[in-house]
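If you scroll down you'll find the structure; I have some questions about it.
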C-alpha cells in the first residue's frame, strides 16, 4: 500500500475514534502528555477531524518585528502557511498559550477551507468568530479574541517541532480533535492507535448498551480481563 | 417527620431556590466561601439540581499508582463510588482543580443516571462530553477534557471532607447547582436556607415584576427595610 | 454638528465595525492594549453594541465594608450607577478581573434595559444568568457566578478611570463589544476609527468575496499596497 | 490625649506586634482578608514598620496616557505622592498585582526616606533594587522589576480606597509589615489590635520559652482556656 | 537487618544524594512526577534532609469549621501531628498549594525540633519566619505568610495519601529536600535509589573534576556509554 | 572600527548601564516589551552582565523524545550549545516559562564558565543550585528546580528566534542582566542605547546626589526639560 493510501486509511479510521479513546490508547503505551491543554472546539458539535499536522510557531511580539507591514509581507511565514498547508492536513499553530490574541479570522479560514485543509488548531485565540463559524472550517482554540496576531506575536518557522497546549507536535504527527479537545498521536504510533482505538470504540459501544440495559459497572467497567474476555467471545 | 422526609422536603424546596439566592442566604449567616470556583454546567440550561453530597477525593497521579490496571481494579474507590453513591445524592469529586483531565465519561454517567444519582459535580474535567450530554445526567465541571482520570490523578478516599472548586464539602452537605454554578450548604443550615431562600425568591419575583413595570431601583433594590416592609404587607 | 449628533453618528458607524477591525485600526495608530482580557459575551450571538463608557470601580471586600446592609444603602455607588448610567451608554465595571463573583443579576439588568443602557461590560462575573439572558440586555463578562458583589468586592468611585480586563477605560471612551469580546477606543480617536474601520469592513467584505470565489491570499491578504490599490480603483 | 499622640502610641505598640499576631487578632474579630497576597520584604531582615496608609492607585497603561512626558509632568499623581506622603506614614501603591513593573527606584526611595516616610508597600515590583537597598527605606513588594511604572500602568487618584495584594486599603488604615509580609488594620480597630496584640506577643514569648524547656504543646498550644488561665495567673 | 536499621541506612545514604540526582534516578525508572512544584527552602543553605513522610491534609476553610476555637481543640489533627510525627520523620502538609497562609510558626517549629522531627515540608506558607529561622528546623514551603492556617484551611486526616506541590505523597514514602526543593521517593524504590544515587554522585564528582580541569563535555557529559565505561574502569 | 571592536565597546558600556535604564531608553524608542517576566538572578549581588544572545529553544517533552538516552546523544542541541556558545556571549534558553524544571546544573555551568560564556539566562529553572553558585557563572532564571530538562522539555533548534520570559530574543540581540532581571536590546539599537543609557546613568547619579542633599523631587525628578537643561549646563 502506498504511503498516501495508508495515511488515508489511518485518517478514515481515526475519524471514528474519539479523543478520549486516543488518549487511553496512548496511555497504555506510556504516553500521558498528548492532550492539548485549554484547546477546545470554537463551537461544540463541529464533529471530529483527523489528519497530519502542519505547523507554525510564534515568538513574542516586538514593536519592530510585529507591524501591519510585516503582516502584509508575502514572505511572512503565517501567510505562506495558508497557501502551503496541504489539503487534508491540520494546521497547528503554537501561539504560546495566549488566549487573548486571534491567530486567524474569517478570510484565512475561508481560504483554508477552500484549499481542503481539514481543520485548524491553536492554543491561541480566533478572531471574527461569527465569520469563522459561518465559513465552517472546524477550529479548536483557546477562545474568541479580537486582536490580530501581531498584537502579541511574531510569526517564526514553518514545519518545525512546536508546542501547542503544552504538548509537543512534530510536523507529520497525527492530530485528532473533537468536542473533548485536540490530541497528538506520534506518527510512528498512528496506525496501531487507529486500529486498537477503533476496536476500543466497538467494545465501549457494547459496554454502553449493556449499562443502558441496567448492567452494573461493578466487575464490568472500566474493563478488566473478565470484561475483555466476554467481549472477545462475543466478537467471534 | 423522619429524616428522610425532611431531606426530601429540603431538596424539593432547594430545587426552587437559585444558587445566587443560596449564596446570599449564606452570606447573611456569615458564610462567604461556598460557591465552587470554576465549576460550571457542562451545558447551560440543564436546570437546577439539589441533593446531599457524596464525595470522592483524588491525589496527584504517580506512575505506579495510576495505571489502566488500577482503573480496572474493583477495589478502586472511583469505581465503587459509581455503584454506591445513593439515589438522589450528588456525586462530588475533588479533582484538585485540574481542568485538563476527565473524571467521568458517558458510560459512568449512564450508570449514575440509571441508579438515580441526581447530578455530578467536579472541579475537574469531563470526557466523552458529546456522549455525556446524550445521557442527560446533569453535570457541573471545569470543562471538557479527553484524558482519563489516571492521567493526572490517583483515586483516594470516599466520603471524606474534600475541597471542590476551593470550597469545603463535607459528606452530607447539601449541594445546589444551576446555570450560575454549584454551591454548598452546610448540612445544619440547609433547612433554614431552603425556607428563607424560597421566601427570597418570592420577594425577588415581585421586585422583578415591579422593575419590569418601570419602578426605579432607587430606594427599592437591593432590598432594605422599606422594601421588606412593603413586601411583608403584600404577603398578608 | 452638535456633540450629541456626532456621538450618535460615531455609535451608529461603530455598530457596523467589528472589534477585530477596531483593534487593527488602533494598532495602526500605535495602540496594542485595547482589548479586554477574558471578557466575552455572556452568550454569543447577542450582536454588537457601541457606546460611551460609564464606569464604576470595585476594591477588595472587607468584612466591615461589604455587608448586605451596605448593598441596601441608597448611597452605595453600585446602586447609584444603575439609575445614573445614561441611556445609550455602556456600563463598564472594574471587578478586578475576578470571575467568581457576580456583579449584576436579572433585576439590575432589567432596570438598565428599561432605562436604555446599551450594554453591560465587566471583567467580573454575572449572576442569575438564566434571568439576565431572559431580560436580553447585551452583556460581556468573565462568566456566570452565583455570589453577590459584596462577597469579594467593595463598591468605590463612579466615573473615574478604571481598568477592565487589564485595559484602561476613561469615562467617555467608546466601547465596542461583539462575539470577539469588548474593546476600548480612546474618545479622541473614535471618529477616525469609526470612519476608517467602516471602510476596512467594506474592503474586507470584498476580499472575502474574492477569496470565496477562489482567489489566493498570496499577494492579496492581509492587504498590502497592491490590494489597497486594487480596492481603491474599484471604489471609484 | 491628642489624635497625634494616640497615633504615635498605636504605632509604637504595633512595631512590637508581628504581622502573624495582627492577623490572628483580626481573625478573632471576624476579619480573614487582611494580609496582602504576594507582598514580601524586598529583603528579609529589614525589621518591622507600622504606620498609617497613604495611597495611590494605578490603572492599566495606554499608549497615550503612559509616556515619559507624563512621568515628567509635575501634576502626575505618582510624583505628587513622593512629596506629600506624610512623615511616619506608609506609602501604599495599588499596582494591580503586576510583579513585572517597577513602581519606585532608588531616587524616589531616597527622597521618601529623607522626608521620613516609614515604609513603602506595593503589590507591584521595585526597580534599581540594589540602589533601593543601599538607600535603606524599608520596602515590601512583589519582587524586583526593571521597567518603569509607565510600561504597564497609568497613575491615577491619590488617597482613595485601593486594593493592594487583593486586600482593601482605606487611607488612614494602619499597615504593619515585617518578614512575613504586610497586613492592614482598619483604622477603627487599630488601638485594640495593638493592645491585644502586644499582650498576645507576651503570652507567646512565655509559651515559646516553655516549649523550649521541653513542654508538650498537647493541651498547651495553640492556647485554649487552660493555657490562658495559666498565663493570667502568671501575669499577676 | 531490621527494618529500622535499613531505614537508618537509607536515610544516611540519601543525605548524601542531591534532589537533582534523586529525580534522575527516578526518571530512569519511569517516574517524571516526583518533585514538588513551588516548594523551596525557607532559607537556602539549610542543607539536605531525608526521612520518611508523615502526612496531614487540609481542606478549604469554612467559617464554621475554621475558628480559633477549633485551633485550640486538642482533637485537632494539626495539633496531634506536632506530638505524633516520629523523630527522624519529615512532616509533610498538603496545604492545597496556597502560598498565602502560614501552616506552622515558631512555637510549633520549636516543638518539632525538640522532638527530633527531621524537617518540615508544605506547599503552603510558613508564618513567624524570623522566629522559625531562629529555631533552626529545616523547612521547605511556598514562602512566608502571616495568616494562621484556619484563615484558609480546615485540618483534616493524618497519615493518608496527600498531594504536596502537585505530587503524591503516601505516608512512609521517603522525602529528600535540599536547596533545589523537595522530592518524593516511593517507599519500595528508596533502597535502590539511595544506592544508585550515591554512585551517581561519585561519578558526577569525578566528571565535575574533569570538567574543571578543562575537559570538554562533548562526548563526555551528560554521560553516555563511553563515559560510564571510563568511570567503571576507574572505579576498579 | 571592526565589528568585534564595536561589540566589545558596546558590551563594556552596557556593563555600566542598569537594566532599569535600558528599559527606559527602549521605552523612549517605543519598545515596552523587553524585560523578561519572572527571570531573576539566581542569587542577587552577582553583578551585571552584558553580551550577545546565543539561543536554544525547547518544546514540550514527550515520552519518546525526552529520555536519558536523548540527553546523552552528542547530537542533542542542548549539548552542542554548551560547546558552541561563544566566549563573551550570553546563553539564553527558551524553557517555555516553566519554573519547575532545571535547564542546567553545576557541571554545565562549570564548562560554560571555563569557555568564557558571560552568563546564562532562562525562563526555566536551574538545578544543583548550590553547585552552580559555587561555580560562579552569573545566572538568571525562574528559580531552583531539581528535575532535569527532559522531565518537561525536548531540546529543539539552536540560534533561532525564541521567546524568553515572554519577550522575543533574536540571536545576536544584546542582553543586559542585573539584580532587576534580564532585558533584551534589539541588535540595531544597541549602540545608541548603550551611549544614551550611559549618559542617563551619569545624570541620575547627579540627581541622586542632589536628592541625598535634600533637594525636592518636585519639578526635578523624573527629569523634564528643566532638569535636563540644568544637567546639560553642568556637563559643560
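Every chain is named by a letter (A, B, C, D, E and F) in the order it is written, and numbering of its residues begins at 1.
Everything below uses one rule, namely that a contact is a pair of C-beta atoms (placed from the backbone, for glycine too) under 8 Å apart; a residue touches a chain by one contact, two chains touch by 3 or more.
All figures in this text were calculated on a predicted structure; none of them were measured in a lab.
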_Intersection of the contact lists for chain B and chain C_ = A
*Please identify which chain has its centre, taken as the mean of its CA atoms, farthest from the centre of chain A.*
D
*Would you indicate which option in A-F, C-D or A-B repeats the interface seen between B-C, with over half of the contact pairs matching by residue number?*
A-B
*Is the contact between chain A and chain B built from the same residue numbers on each copy (over half shared) or from different ones (under half shared)?*
different
_Length of the line joining the C-alpha centres of chain B and chain E, rounded to whole Å_ = 36
*Indicate the whole-number Å distance between the mean C-alpha point of chain E and the mean C-alpha point of chain F.*
32
*asked:* I'd like the Å distance between the centres of chain B and chain F, where a centre is the mean of that chain's Cα atoms.
replied: 49
_Multi-chain contact sites of chain A, meaning residues that touch two or more partners_ = 30, 32, 34, 61
_Touching pairs among all chains present in the structure_ = A-B, A-C, A-F, B-C, B-E, C-D, D-E, D-F, E-F
*Quick one: in the complex, what on chain C touches chain B?*
61, 68-69, 71-74, 79, 82-83, 99-100, 102, 105-108, 110-111, 114, 127-131, 143-148, 150-152
_chain A to chain B touching residues, read off their complex_ = 18-20, 22-24, 27-28, 32, 34-35, 37-38, 40, 44-45, 178-181, 183, 204, 207-208, 211-212, 214, 216-219, 221-225
*Which of the residues in chain D come into contact with chain C in the complex?*
30-34, 59-65, 96, 154, 156-157, 160-163, 166-168, 170, 186, 188
